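Heads up, the next two complexes both have subunit A, just with different partners, subunit B and then subunit C.
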Partner chain A sequence: MTGTLTAPTPRGGRIRYHRVLFHVTATLVALLFLAPIAWVVLASFRQATDSLKPPLPPWPTDGFTADSYVRLQEFGQSILHYTGNSAFVAIGTAVLTIIVSVLAGYGFSRYRFPLKGLVFVLILSTIMIPFQSILTPLFLLLAKMGLQNKLIGLVLIYTTLQLPFSVFMMRNAFDAVPKEIEEAARIDGMKGIAMLTKVMIPLVKPGIVTVGLFAFLNAWNEFLAALVLLTDQDKFTLPVLMTAVRYGRFGSVDWGAVQAGVMVMMIPCLILFLILQRSYIRGLTAGAVK
Partner chain B sequence: MIEANPSDEAAPPTPRRSRKGDWMGLVYVLPAIALVVVFFLVPLGMTVWMSVHDWPLMGNPRWIGLDNYQRLWGDGSFWQALGFTVLYTLAATVGLMSVAFALALMVQSEGRATAFYRTAYFLPVVTGFASASLLWAWLSNVDSGLFSPAAQMLGMTERRVNILAEFTPAFWSVTIMVIWKMAGFFMVIIMSGLQAIPADYQEAARIDGAGWFQRFRWITLPLVRQPFALALILCVAGSMLAFDQFYIILNGGPSNQTVTAVYKIFNESFVSFRLGYGAALSVVLLLILLALSVIQLRLLREKGADK
Partner chain C sequence: MNRMGGTAREPAGLSLKRVHKSYGAHEVLKDISLDIQGGEFVVFVGPSGCGKSTLLRLIAGLEDITAGDVYISDTDVTERDPSDRGIAMVFQTYALYPHMTVAENMGFGLRAARRPRTEIEQKVRQAAEVLRLTDYLDRRPGQLSGGQRQRVAIGRAIVRDPDVFLFDEPLSNLDAELRVGMRIEIARLHQELRNTMIYVTHDQTEAMTLADRIVVLRDGRIEQIGTPSQLYDDPDNVFVAGFIGSPKMNFFKAVVQGADRLRLGETELPCPRTDAAIAGPVILGLRPEDLRVAGPEEPGFPMEVKFSEFLGGTTYVYGEIPGGTGCTVELERSRQARPGTILTLTADIADMRLFDVEGMRIR
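The block that comes next holds the complex of A and B.
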């Protein structure tokens, strides 16, 4: 808890006292922010009878058990099935977003074509329009295309929603690559798509990770579109399934199962974030600094 | 032709000139254009088109002109939803911006301890609204939750209060959840602005004898205005579109008092299946949001100019 901060001006004891006070406050606030997460992590391992009682204390008083997770199997298909749905949607969105935005970013950065400026502004400006306001026609459109209740329909919509951010990120990433590198590769006989995949992509990898990470997390967590567009229970993603559990659509409300479900939804996000923290923050501040 | 101007630090590379290149570029961009057209522009046009129709789920749509908009004008439940959304936006924005600003000031310096605090404050952001709301629904539950039993145990209330059964505690429970979940997000945006302030400014002011508050008021605040404005716009837009938390934690209750604008559209379109009317509500909400963003951007630009 002592000064890993670089002290501005040494003013003796007063500064030291201030710093201790700062760290105590900051640590307390940190505990406050982490508490709800810690609470659900611990409570999810309690016995079925315990989960009817208030989580005071949150940890299991008579032995850890994975019962709550086992009970999740009883809702609809197994929880693995719904986790699979969510994973398909999230990974699908990440992959498609990466492909589409890398191509577009490269095109915008390295080529000149008619109406380029207009098209770029058009793609970016979709961020101004909330997708909630176009949900009703999307519902009809997917039905017409035969994509209603298909996870792939959700993937296409989520990818579209990611495009303004992702195309902007990738365009900037390609712009930052000096053109001398391409020149050299061209002399070596590289061209077309090989230039992109063999030479350029390795150089914009950080941008790709950021774009993919945001696409994955947003698709994994999205609720409203999934709720509206998926009516077939087999196709539910985790947020839609767990909301049904929370409202007792499968019988009485099982809070233990809700806690376990929250864990299944939350843990992958937390792990991904902790591993790729740098890429995440880079994406977040990309817009803020400009 | 308008050149899309890269604002990155590297000099923009000269685009290739060849005739073939003219169309090659478009080929690369085509998938993105296709997605935006099919899943964004077409539905956007359809929203407007549907809003002038009586559009049931089954059966044929019927042109009714501006009837939907007329009806909306006299629809008390829509204005109530909008009013509630504004109230929530005010509470969430004031709460979020002040907490986020305070957190940003706390974590702006570099160091191992601050890096830990930063991560801790940010962690709820990545959990997603659905999981955070489910978690909160449990914590706010009267029997097996945390808040009311804890309040009772600490002697703050005599009996266990059902937080979610009455408007005021339910409203604040959700608002506090949102502050908990989103403060870290705005903290990072504001922090990036704080870190961009050159250290010599603060140093010079300190040497001139400016105290902490003076430096904050005359250096930090004016220089952090731009990222702060960005955070503000994102926060207002996000709150005006709130749905997940009110659907998952409160189901719009107690007695439909926490139905937000998006929730109302959801109910009209996907519960009552009045798709045309839902579309009209969407158009109105869209216009309100665009107006809000334009006003905020204006304010930011004017203030940016007079410095």
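The block that comes next holds the complex of A and C.
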């Protein structure tokens, strides 16, 4: 040894081919997913005549215009009204789903009662029944209760459909909370509802966000049940409205207005998802490790 | 003087009267009766599954009692909620509320009891000073180390100003070095607060160093209750003798011959005096630290050295006596013992413990 220190050869200078490949692939995949959305955005700014032409090239050939949005706004009640309908149904479903699934999940996770396992499996097994097959009985049931053609009826149906998955999610979320924390809270004087709201709910927040987001998005986008159950045009939610936007009385579908409508529908979902995505991902992976 | 709370009240005692606990047909605790004086530090110790944690949880009220009563300062608390028993508990896993800051964690019990905010703040600050947590009051548990978290858990217990502190293996999740530090901290805390403390552990070193009195449990029964030195010097049975002390006591099969001779293999040793006359087979218990290499004229039994552990101050030598029974000896540091050599061992008659073949002590 000479006693002089030589710095080790830096490794950063070399080009990492696998990293380049990774970025190229990732960009391509991202483009693939973004393309339809971009297409919709561009199409919504076409002229009325332009929007009936073949969809290539995707951009407006006769210049940009917001005419489609104006036509959408002028159809039936204002678009704000239908957005309100959709928001009521989606938020109502999310809130109701959260309330019921938190209580049920807590019960399934922490209380002992007869036939607990069987009841839980029964709830889960309803996921396997396609809901289209029970649409007729559901319709009759709502009619008997005087809830057909009412948004609240739709909320009840969506909540019912959302619950099996949500209860399952919430039970897992509660299961992941260590028993000792609950015991410490009992010693600190927490019981019943106070225990749930002050100690447990903050700990299962990611689960609640996941459940709420799923319920909101599914209710916001749901089409078939809304189409069957709502006959009054005033009560239409956005997806149903999209099929109703036509020229004149018996005209053909106004594709431009439909694209504009899709844009209107998409924006709240995007915003909500971007705000909540961190908690949402934590919720999905909760209990996966440890 | 009590540095916390300021009310210099008498520390409360606790008693268990014929406590039973079963899960279905499985009986976990069998007829436990125990009186704990106010201000005493009592350690429940025993192998895993002996029921020591269950007993603590019964005292805390976290488990329902199957039969029997729990009294804290002469009040029957058997049917009371955990929060109304005047207890506070420190868990092995800390069990802090992850969504609250250290200060909020410590003050949570008082907030739940709707105490005035100034009082809560003052008590939290005092507890934080005692535990040197003042700089961490605004952090969340996730930002703290294991030792700090356990201090917060202890702080949460202090702030409740309980009659009885309950510790459920509080040091088991800490690394060895921190464990020693926290052990000293808990001992200091007991000196300072003078509350009654009950501490559960499976580590006999923790039990020996912390306890005023140790309760040794096995299979849901109390094997022996006593001060650390009582248990060490005067164990009631083979189980307690083997459980207390490290390395563990050596047990040899021996035969009492005549009035005062004890035959151990080929060797004859003097037999300790006992109140009852004994004859026939017995178990001889000798602690590694009480064994020594016999002098030239002294009677002793041979042990073949298998291996030794040098620990600095002392050396533990592990070997076998004729018949294949394992034997551990503590030797002074100057002494070397190579594997294969034969040592002739002996012990003072006062250090010999005799047990009958059932394992009960013969005194």
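Here, the second predicted complex is superposed on the first by the 213 of 290 C-alpha atoms of A that agree within 3 Å, B and C clash if a C-alpha of one lies under 4 Å from a C-alpha of the other, contacts with A are read in each partner's own complex, and residues count from 1 in each chain.
One rule holds for everything that comes next: a contact is a pair of C-beta atoms (placed from the backbone, for glycine too) under 8 Å apart; a residue touches a chain by one contact, two chains touch by 3 or more.
All values derive from a computational prediction rather than experimental measurement.
Q: Is A:Asp175 contacted by the first partner subunit B, the second partner subunit C, both or neither?
A: After superposing on A, A:Asp175 lies in contact with subunit B but is clear of subunit C.
Q: I'd like to know which partner A:Ala184 touches here: subunit B for first, subunit C for second, both or neither.
A: Touch status of A:Ala184: second partner only.
Q: Answer with first, second, both or neither: which of subunit B and subunit C does A:Leu203 touch in the superposed model?
A: second
Q: So in the superposed three-chain picture, is A:Ala194 touching just subunit B, just subunit C, both, or none of them (first/second/both/neither)?
A: The answer is second: A:Ala194 touches subunit C but not subunit B.
Q: For A:Gly261 in the superposed arrangement: first (subunit B), second (subunit C), both or neither?
A: The first partner, subunit B, only.
Q: If you stack the two complexes on chain A, which partner ends up touching A:Val24: first (subunit B), second (subunit C), both, or neither?
A: Neither partner.
Q: Taking the superposition as given, does A:Ile37 touch the first partner, subunit B, the second, subunit C, both, or neither?
A: Touch status of A:Ile37: first partner only.
Q: Comparing subunit C with subunit B, which touches more residues belonging to subunit A?
A: B
Q: Would you sort A:Ile152 into first (subunit B), second (subunit C), both or neither based on which partner it touches?
A: The answer is neither, since A:Ile152 touches no partner chain.
Q: Which parts of subunit A are touched by subunit B and by subunit C alike?
A: 178
Q: Which residues of subunit B touch subunit A in their complex?
A: On the subunit B side, the touching residues are 1-4, 6-10, 12-17, 21-29, 31-33, 35-36, 38-40, 42-44, 46-47, 50, 103, 106-107, 109-114, 116-117, 119-121, 123-124, 126-131, 134-139, 141, 143-146, 149-150, 153, 180, 183-185, 188-189, 192-193, 196, 206, 227, 230-231, 237, 241, 243-244, 247-248, 251, 262, 265-266, 269-270, 275, 278-279, 282-283, 285-286, 289-290, 293.
Q: Please output the residues of subunit A touching subunit B within their complex, sorted ascending.
A: 1, 4-6, 8-9, 22-23, 25-27, 29-30, 33-34, 36-37, 39-40, 51-56, 58, 99-101, 103-104, 106-123, 126, 128-130, 132-141, 156-157, 159-160, 163, 167, 171-172, 175-179, 182, 217, 220-221, 223-224, 227-228, 238-239, 242-243, 246-247, 255, 258-259, 261-262, 265-266, 269-270, 272-274, 277, 280-281, 284-285, 287-290
Q: Please name which positions on subunit A make contact with subunit C in the complex.
A: Residue list for subunit A touching subunit C: 178, 180-181, 183-191, 194, 198-199, 202-203.
Q: For subunit C, which residues count as touching subunit A in their complex?
A: 60-62, 81-83, 87-89, 91-99, 108-109, 112-113, 156, 160
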